[in-house]
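I am attaching a structure below and will ask some questions about it afterwards.
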Amino acid sequence: MEQLNTLWMSTGLANFEFGQIVMMLVGCGLLYLAIAKNFEPLLLVPMGFGAILTNIPVAGFSEVGGLLHYIYYAGIDTGIFPLLIFMGVGAMTDFGALIANPKTLLLGAAAQFGIFATLFGAIALNAIPGFEFSLQDASAIAIIGGADGPTAIFLASKLAPELLGAIAVAAYSYMALVPIIQPPIMKAFTTEEERKIEMAQLRHVTKIEKVIFPLGVLMMTIFFLPAATPLVGMFCLGNLMRECGVVDRLSSTAQNELINIVTIFLGLGVGSKLSANAFLNVETLGILALGAVAFSIGTASGVLMAKLMNKFSKEKVNPLIGAAGVSAVPMAARVANKVGLEANPHNFLLMHAMGPNVAGVLGSAVAAGILLALVGQ
Amino acid sequence: MEQLNTLWMSTGLANFEFGQIVMMLVGCGLLYLAIAKNFEPLLLVPMGFGAILTNIPVAGFSEVGGLLHYIYYAGIDTGIFPLLIFMGVGAMTDFGALIANPKTLLLGAAAQFGIFATLFGAIALNAIPGFEFSLQDASAIAIIGGADGPTAIFLASKLAPELLGAIAVAAYSYMALVPIIQPPIMKAFTTEEERKIEMAQLRHVTKIEKVIFPLGVLMMTIFFLPAATPLVGMFCLGNLMRECGVVDRLSSTAQNELINIVTIFLGLGVGSKLSANAFLNVETLGILALGAVAFSIGTASGVLMAKLMNKFSKEKVNPLIGAAGVSAVPMAARVANKVGLEANPHNFLLMHAMGPNVAGVLGSAVAAGILLALVGQ
Amino acid sequence: MEQLNTLWMSTGLANFEFGQIVMMLVGCGLLYLAIAKNFEPLLLVPMGFGAILTNIPVAGFSEVGGLLHYIYYAGIDTGIFPLLIFMGVGAMTDFGALIANPKTLLLGAAAQFGIFATLFGAIALNAIPGFEFSLQDASAIAIIGGADGPTAIFLASKLAPELLGAIAVAAYSYMALVPIIQPPIMKAFTTEEERKIEMAQLRHVTKIEKVIFPLGVLMMTIFFLPAATPLVGMFCLGNLMRECGVVDRLSSTAQNELINIVTIFLGLGVGSKLSANAFLNVETLGILALGAVAFSIGTASGVLMAKLMNKFSKEKVNPLIGAAGVSAVPMAARVANKVGLEANPHNFLLMHAMGPNVAGVLGSAVAAGILLALVGQ
Amino acid sequence: MENLTQLFIDAGKLMLAGMVFVFAFLGLLIIFINQVLVKLAIKFPDPVNQNSRKKAKVKTSEQDGVSPQIVAAISSAVSQYRQKHNNKE
Amino acid sequence: MENLTQLFIDAGKLMLAGMVFVFAFLGLLIIFINQVLVKLAIKFPDPVNQNSRKKAKVKTSEQDGVSPQIVAAISSAVSQYRQKHNNKE
Amino acid sequence: MENLTQLFIDAGKLMLAGMVFVFAFLGLLIIFINQVLVKLAIKFPDPVNQNSRKKAKVKTSEQDGVSPQIVAAISSAVSQYRQKHNNKE
């Protein structure tokens, strides 16, 4: 009967390509990591699901007229979704610990070496046949070292959209792996004594400081790095709404319903870039390797910077909190706290580590702006 | 004075066409049913209001630049709104009763005969002068028998957008009329004895079953019916977010704020298709008649299937729950429970009826996929 | 090193134009008024921030591809955002006081003289060299006298988009200044005796009245002024959702999450029109002056109308509540209450003032419709 | 200057037409309220029974010490609270 | 009329193919549940410990009179309430 | 190969310029905090009065047994709960 034949010809079974099957397994793998291993589930659940949907034969989710096509072009290609996420993250961020101990900004700065070293590493990979990363590609890959999801997605969508899928997978996977990647590096670069250092309690930060801070950050970004103002600007808007105290209902919506809605769409849209021909190649392996390198170098740089600061300052800093400079808020700060407690059960570093942690968010947004200004056309 | 004259010439009174007045009364009728009779108010309030707005002379709500024009083309023509609603419905759906008693899937399958019989009936109407339904039109009308709002809107927007208004009115009206349409049919096809059948308590369903179930449904849809993956995929995404336990804030947003926002827009957009020349014709009468037929046949098929199953199985099924196979969640399940209680005051069928009820949702999404695959171009 | 040079050439410092700096200061001024002085912060915080962002050199927020460009053209140029805000405001509005005392509609009508007198005034300004307001421009400016933010933004975006920034600044600033602008005018036009007038308690308003009222308003607008139906229609939809009692979850979303999301975007989008060449000119000064005139005339007209009504009616009206006819809900009603208490400590006018207050919202929406019908092309 | 005179005339006409229309419209609304709504209110008064039934319900549940709705609300609030205070993004 | 006959034949075929497919699909789903899910449920039963631990937790906190989560929920509800009842727009 | 060398040089320059800039930027932020914010904090300390007033308020209401805000919050939570648990879609 021709109807059943037409139906059969329209089935997935009759139309599967090998690469699509593999990519669906990748999508299932992401779902497994998210659900069973709790790897950044808020993004990886929709992203893994999007990876499955985009690889369905015949259905055309990512072709003109398909749902994921609309989502990608309306929200990610334009940069709107990562910027809205960033606004929500800004509304969730408390800069109090950073303002109370501004020196920790240097730790957040040092950890960005993970980004720029990885940029160099990505170019170095070109020496191996099969790799042909342009400076744009290398920059987009390097931002994985920023350990900040929306920043990575924003930059990759501008500089190397065809690598977006792999970069997002790497960025979120390593952010989830922070508790496994960081501790050995932190211990390798510190002595038992250093890990025991206790830090003075942070001073009280007044409301006006918290209100003026995001405006000051925005002004400096305007003066020195306009290319970073989309990211930093939306982040500061969210933070200002949080701290100013007169628009609590907007702040609450930005950090709850709005960020939730956008997260679902962002995940689906990023997942739609996980197609076989964009993901199943040697470059993806290179990106995954470089991502691990980036996190490791960033962690080490933060720790070493803290040790350097201790050479020049009376007030000692526990070098463990330097590792939190990679951002990955608030996971990296919690890791610093945990490793600190292992060395000294009375040493609570969490609040101290929040300083470099949020400094790392600013640092990687600034780094993204530099890359946009220098290699974006 | 020319200003007052210009004002007069721009009034509705000076520009009304007869059809517009009638359609406004139809819109008011929908509002009346929604508010006074509680007919699916969440959709019918915005839809009735949209019907009024779209028929205002001069205002141009549904012309280029008008609000309803934007809503319709951004959200309904693209299919985005019904798919988002379906995601939210998925996040609200508990498949526990279905997994505990999988046989009830057959009831959900049987009830879809309401769809395909109606398809045949719509073509049969062509024998009457004045009706000229294409196979596409007939398919879009038939889906009313699926008793599932977003599925009907999605399919109609793809196959017969000019009939969308009438189809949506029929689908939601009959869904609201389920407590009136179904009981006489249920009683006509069952004996008092059958209605008294008590069913064994359902087994406990574990978390892993509930997590894997939506993924299994999606995989089977991918293998056998990719054309249904937009509907089934978004439904399963919502259900996975609900059950996986790691993205509760996304699941909550999907079933509350997001679905509410989209419902307002969906109702307005569907209402905008209730224009006089699309609605005030004999075809609408045909659609309303066919819709009633579809619900009745679906109900009867579900009941008869249950009786057939009892012929071949030791574990008896109360045939009343077969009627819930048309979906119309959770109204049809409640109706089955109520009719069951009339026959046997100790017989609580609600949980048992939820099985065929949610099976009916899957069944009509599958049926929609079949129609898309076979008659969509 | 060329990289640092490229970076320097891309900094804001190397690219600033004088006008951009001034406009950023204007943006900071709006933020100051919003945060420190509590001037309509829900709109002025995102709007002030948007003014800063749009004036950043190099970043191109409001150019093709920029975030604010997308927001403006998707939401404000189309009119969607102000209409959604208006729907939310409708869902927040209780017409009970107005229905209980319908005479107060005349106060809301009288206060609209502020709009039409200002229209005349704007044309009169053309006598001064430097001003060249068209009838469209004058109408958009005049609507400031409506004391209703979304109405002003909607009309200005249709009639004079290049003046939108200045009009929004004036409208929201004067709305915030209502407690300062109105009392002296109210006292100047009333005697101590009049201010002491106590009013009878309002009758109970039934549910059916509140449900039918928005539909009646919509019908009258359709009959007599279709050009006002976008504004009035969305307002009435929100109000109907509020009062009908069967779609509470839609109503709640419309007055919370949806209005919050749209407010953030609306503020940013309006702020993006605060560019130097559109704002830094003598016309802006004219607009600010005319705005103050509009509020003053509207206040006086409302008060005088109340005194006139007292001449012809036994049941006396406290003329102070006439001032609430300008709308600026609920601030103007509170001001009337406060001034009333000063004259008579036992005289609570708040509920009585809510009648003209919400009548003013309808009145200015009607006035906007008239202007659209007569001077919109 | 002629142009300005014309504009003045137009603005004046607009002012007059506008105020006439606004008063006519809101005046009609007064009639609508007095003629239609008030009569509707008399024909369909608010259902008193339902309210008292509701009150009765509430009373019963309050006699138990804690209303089940309040328990539900609090548990819902707890779950909302937990959700909102999860780790960011 | 020929056209109508053809349509009838097409509709009939569609009906047949559709019902066969729907039953096949949902029938396979039965097999999936019985063969896959049930076995998974046996292999990975719901963690009983965790539940009892949770219950224990709740008990402890209830013994204190007021659970800290309820306090948190109420304060969250209070702040939500305040927010939502701010002056409009 | 020449191309690769050039890329290496570019990457190296980028690395250097980037790290210099990041340190300069965040370093300036330190100065901003120490020079501007700290002084602001001294000039405009957090209003102590307001806090103590708030505390006083809370105390008063707590003395009544149940704060009106908590009552409001619970009733709001109840209505939210009801709404969310309405029948689907």
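A, B, C, D, E and F are the chain letters, set down in written order, and residue numbers restart from 1 in every chain.
By our rule, a residue touches a chain if its C-beta (ideal position, glycine included) is under 8 Å from a C-beta of that chain, and two chains touch if they have at least 3 such contacts.
Predicted model, so just to flag it, every value in this text is computed and none were measured.
Enquirer: Just grab the chain with the largest centre-to-centre distance to subunit D, centres being mean Cα coordinates.
Expert: A
Enquirer: Going by average Cα coordinates, which chain is farthest removed from subunit F?
Expert: Of all the other chains, the one whose centre lies farthest from subunit F is B.
Enquirer: Residue numbers at the subunit A-subunit B interface: does the shared fraction exceed half, giving same, or fall under half, giving different?
Expert: At the contact between subunit A and subunit B, which are copies of one sequence, the residues are largely different (under half shared).
Enquirer: Please work out the Cα centroid separation of subunit D and subunit E, and write it as a whole number of Å.
Expert: Centres of subunit D and subunit E (C-alpha means) sit 34 Å apart.
Enquirer: Please tell me the distance, in whole Å, between the geometric centres of subunit C and subunit E computed from their C-alpha atoms.
Expert: Subunit C and subunit E have C-alpha centres separated by 44 Å.
Enquirer: Report, in whole Å, the distance between the mean C-alpha point of subunit C and the mean C-alpha point of subunit F.
Expert: The answer is 30 Å.
Enquirer: Subunit C: which residues touch two or more other chains?
Expert: Each of 3, 7, 42, 224-225, 249, 252, 256-257, 263, 370, 374 in subunit C touches at least two other chains.
Enquirer: Would you please write down the residue numbers of subunit E that are in contact with two or more other chains?
Expert: Counting only residues that touch two or more other chains, subunit E contributes 14, 17, 21, 73-74, 77, 80, 82, 84.
Enquirer: Contact residues on subunit A for subunit E in the complex?
Expert: It comes out as residues 1-4, 7, 248-249, 252.
Enquirer: What residues on subunit B touch subunit A, complex-wise?
Expert: 78-80, 83, 211, 215, 218, 222-227, 229-230, 233-234, 237, 240-241, 244-247, 249-250, 252-254, 257-258, 370, 373-374
Enquirer: Using the touch rule from the top, collect the residues of subunit A that touch subunit B in their complex.
Expert: That would be residues 3, 6-7, 10-13, 15, 24, 28, 31, 34-35, 38, 41-42, 45-46, 49, 52-53, 56-59, 61, 65-67, 70, 256-257, 260-261, 263-264 of subunit A.
Enquirer: In the complex formed with subunit E, which residues of subunit B make contact?
Expert: Residues of subunit B touching subunit E: 99, 102-103, 105-106, 108-110, 112-113, 115-117, 119-120, 122-124, 126-127, 135, 138-139, 204-209, 212-213, 216-217, 220, 224-225, 359, 362-363, 366-367, 370-371, 374-375.
Enquirer: Can you list the subunit E residues touching subunit A in their complex?
Expert: 13-14, 16-17, 20-21, 79-80, 82-84, 86
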